[in-house]
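Order of writing sets the labels: A, B, C, D, E and F. Residues in every chain begin at 1.
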């Protein structure tokens, strides 16, 4: 099943992709019914990065980054690399040379359910990475994997061209076909939140604003 | 046993609480006989925060943050929310809207043996959180928990009104009744440390300053 | 086997040690045939530190930092302390007082397969530490360990006087006897990388630059 | 997206399902190109169980086993329940009462990326379970999930009706549509292995039997 | 705060203690409102042990089992040792010699939030242990701890004389004062379960037996 | 540094090796001054195995078991394979075919800081394995490693020909040159223990037998 490079994948509308990135992970995750979130061990290598991008996926053998080179050729402006090893691995598949090459093809970052290295250089380049580990142990180039096939990355099912939203809270995947409708719902949540934030900042309680007090009393909550 | 909100809890003297916060976690932990420390997996979402505050405790079902809204009403100036789920959970119970609401009631931060989200916003608000995880997965509002009951949070026994000291080293709880005496001991340690620091900086060895050399020789240590 | 302090250890040439530090962990690790790396759980307490230094090793009982005081006397300019507990432990063996004392003896930092505390103070001092945990729980002084004996630290075999290279990617140990030849290989890699980086930045693909396309085709990779 | 029960799912041919179970996890995993394996933390609650069965899937909220009751109605002879929580959870969703009910509907066992309890009773019933945890903490019945929807369980993508193969080595999922061809390949591997086993048992070396010696020499291996 | 041995602790009625043990961990945990459970990493060293016993608690320094000897003198018939280290530790505090000595004083087993060793001998003796680890690394005898003080063990708050219930599902603590009423509730649950089990075994669905079908429909569950 | 097979290694006297195995891990570990123990995550795949054997070591790339075939040729009667991957890995390097081949060469078992599979077959063969994981994920044969080189396995430094002692408590390595003297000390401990066991079984307290009572009182322990 490995040894395949799918070359022409569909992507979502770039404005939708950007829009989802601006909404952020927590909002998008809620907006699409609490699905698509990657495991909490996926952490950014530096704080403050935030993006929406289209997934170019890499299914790679453990400790072998041959397919990253293959995937870079498939990148277009606005893409992000999404790598999942075929068995658990924390080796550093990716460093500053690959980031330089990927950026030259329009790549916005990397999501990797394994390790990354050269993180100081990557931070200086402002090349964001969300990874399971930071680890200097490199990889070899000996076996085939696949590019642009569906895969499970950090517990989430991701297909090529799906939208990846990532920020300091983690990483969320949005199905390509759902991207526009999820963006609409995410923006509705945001509009809604601005108003709530102002009320809460003025001291109004959520208990009252959301009408929770009565419901909780009915459920049996006792103030003593 | 759940479904209870205790409304009027006792708190320690605000000056004592502030004083403990200024001493920091490591000093306070030593000063009270090495007790009260939360597990090392409790980490701040950003560096540099340091506080002393009175605990308003939340015992919450896994993945359900209904009780956070209830707890916010119980907050007073100088309090901190302390949440422990009733079974292991890493969901994000708390984000920027709740932080806005809590701050409007005088809340200084959050200690949570679970997840937190919107961490970029929380950092921009300077609302400090010590948590087990950063995770965008939200929660529901379906079940009762309790507010201001004793609980075990990250391995430490905490009662409402206990003093929470937190900084980059982690989190420590001080029994309310012991707060004043612990502060006294902590300050004594600090005074003592300034003097030691100056000597050590000048090149005096701890081996000599503390009289360890003879003791170690008696125990059998050999220099070869 | 414990209770020994070896006083006069050999160290590598200071210029070689500095040179290795400047190359960084990922490069040095590759240059010496992918050996010597410490486990990925060893993380810096703040970002941006980078060093090469000679190891003064400490084999310490769990929760007992008596030997740190002993080791400080053995430090010379350009050394780093390397501590491994004799059983798994996450206590904070080291804080700002010990850092002050160690620095006064020329110490450049600490690598510890256990916990560290006072991390805010250490960051303000620019005293770098790579550790398994940040934990305020202190230690006692009751039992003997050894100083400058070989040990396993975070999965790596380290002998006194070995060169420690550490940066944001982690920690790598280089055998003292191999230091000069590893430096030579590391510098060769670096020279080589500058050229590659320029080509990749201009949009040349690794697939072409390294001649991978033909090899992958021969291995059966299919572009579809 | 939750709140759905799909009632009539397709299943693979029962003889194929049984056949895959008899081949075992390691053989089936190899036979289908090293895909479909669940994470290594999925362990049997007792040794010696081995099965092939058709997946009835349960997507459940954390700490809420309402949907297990719903799923049991959907079971047919030769099925296995496969439960994944929508956020990480180790609560015990399943015990001996549910096992009694499931068995009455023809259920052969349970695969759960969470906790299980009453394991002594389950072992006495010979009701096999592969789980992430054994944990007595029970669950509530308050929220909806879904039954017979695709999900990610312990890192593997599983659709209702897929074949689950499980034994002491862990758990592997086979796509329903691929089941017959995977069985064929698995049996070919088995036939092949019997012959190899006999040769190896007689002292023939794999180095010689597989022709590795020459290849390794060509790659540069040196016997010294 | 350490260095204390409390000699005459109160215990629950032996018949109540035995009764709770017979009900098992899952039932007792439910019966007391889902409280008192120790973390899921506490596992028995062999399958099939089941007990109720009164806690003699040990707060011990990491890697130091001096206090186990002190605690053994405090044991009476029907007691169990409950050890929590004052900082995380996985050393083997306890082996077959200590088990021999404890049994001679009437001890029924050990619950330890650390390591245990000689597990083959302990299994042959039928001396049950629930521990965080099995680890041959022994301990020293150098520092004081305390016996029969309240402590947090594997996340649960336990006071001397509390009832410990343990079986293959894990460990649960029952407050001494609540023991009789919890037993009553646990037995009511058991009586209730026998009847349910028979119905479920006959093929009646929980959906119908508990009246869930209507409630789920009202909540919006859709069968498709 | 990889790509080497050392063919003629020295081994300890077979009677000494057997003798150490009979003493067991905990006793041997103590007898050699608490050194040589592998990490606690190394667990036997079935209970009850106990052995002493000479190490034939394998340094293997992650997910590549080519070198196991090479190592089997180096086995002699009474040896055990000891495999450490060059980066963290949990793949199943070893199954029943390799066990069949290894046994035909006199191999007594396997210690592996990675995964193993076919564990049901291995248990039926009585071929003992101590491993980090049980995992059905197999490996490839693409890269060179080395056989009979020194390595770090699960945190312990092991050289070819060192004695491996393993039982239900875990795994301990004894330096070949120290084997005879360690055996002597281990046997002395055992003789000593038989006598102590009898006294303790009769109800004599360790407090009295070892004279701890006075020492503890002097240290400040208070019975209240």
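One rule holds in what follows: a contact is a pair of C-beta atoms (placed from the backbone, for glycine too) under 8 Å apart; a residue touches a chain by one contact, two chains touch by 3 or more.
Just so it is clear, the structure is predicted and the values come from calculations on it, not from any experiment.
**Student:** Going by the contact rule set out at the top, which chains touch both subunit B and subunit C?
**Tutor:** Touching subunit B as well as subunit C, we find A, E.
**Student:** What chains do subunit E and subunit F have as common neighbours?
**Tutor:** Of all the chains present, those in contact with both subunit E and subunit F are C, D.
**Student:** Select the interface copy of B-C from among A-F, B-D or A-B: the correct pair shares over half of its contact pairs, counted by residue number.
**Tutor:** Repeat interface, by the over-half criterion: A-B.
**Student:** Specify, for the interface formed by the sequence copies subunit B and subunit D, whether it is same or different in terms of residue numbers shared by both sides, with half as the dividing line.
**Tutor:** Mostly same residues: over half of the interface numbers shared.
**Student:** On C-alpha atoms only, rotate subunit D onto subunit E and read off the angle in steps of 5 degrees.
**Tutor:** Subunit D sits rotated relative to subunit E by 120 degrees.
**Student:** For subunit C and subunit E, let me know how many angstrom lie between their CA-based centres, rounded off.
**Tutor:** Here subunit C and subunit E have centroids separated by 42 Å.
**Student:** Could you give the separation in Å between the centres of subunit B and subunit E, each centre being the mean of its C-alpha atoms?
**Tutor:** 28
**Student:** Using the average of all C-alpha atoms in each chain as its centre, how far is it in Å between subunit C and subunit D?
**Tutor:** 42
**Student:** Mind checking the centre-to-centre distance between subunit A and subunit C? Centres are C-alpha means, answer in whole Å.
**Tutor:** Computed value for the inter-centroid distance: 31 Å.
**Student:** Going by the contact rule already set, what residues in subunit D reach two or more other chains?
**Tutor:** Only 34, 37, 40, 88, 90, 137 qualify.
**Student:** Between which chains does touch occur?
**Tutor:** So the chains that touch one another pair up as A-B, A-C, A-D, A-F, B-C, B-D, B-E, C-E, C-F, D-E, D-F, E-F.
**Student:** So in the complex, which bits of subunit B are touching subunit E?
**Tutor:** 1-2, 32-35, 39-40, 86, 88, 150, 152, 155-157
**Student:** Subunit F touches which residues of subunit D in the complex?
**Tutor:** Interface residues on the subunit D side: 24-26, 29-30, 34, 37, 40, 43, 47-48, 50, 167-170, 172, 193, 196-197, 200-207, 210, 212, 216, 219-224.
**Student:** Which bits of subunit B are touching subunit A when the two form their complex?
**Tutor:** Subunit B residues touching subunit A: 3-7, 46, 66, 69-70, 72-73, 90, 92, 95-98, 100-101, 103-105, 115, 117-120, 123, 133-138, 141, 144.
**Student:** Residue numbers of subunit E touching subunit C in their complex, please.
**Tutor:** Residues 61-63, 87-91, 137, 140, 142-143 of subunit E touch subunit C in their complex.
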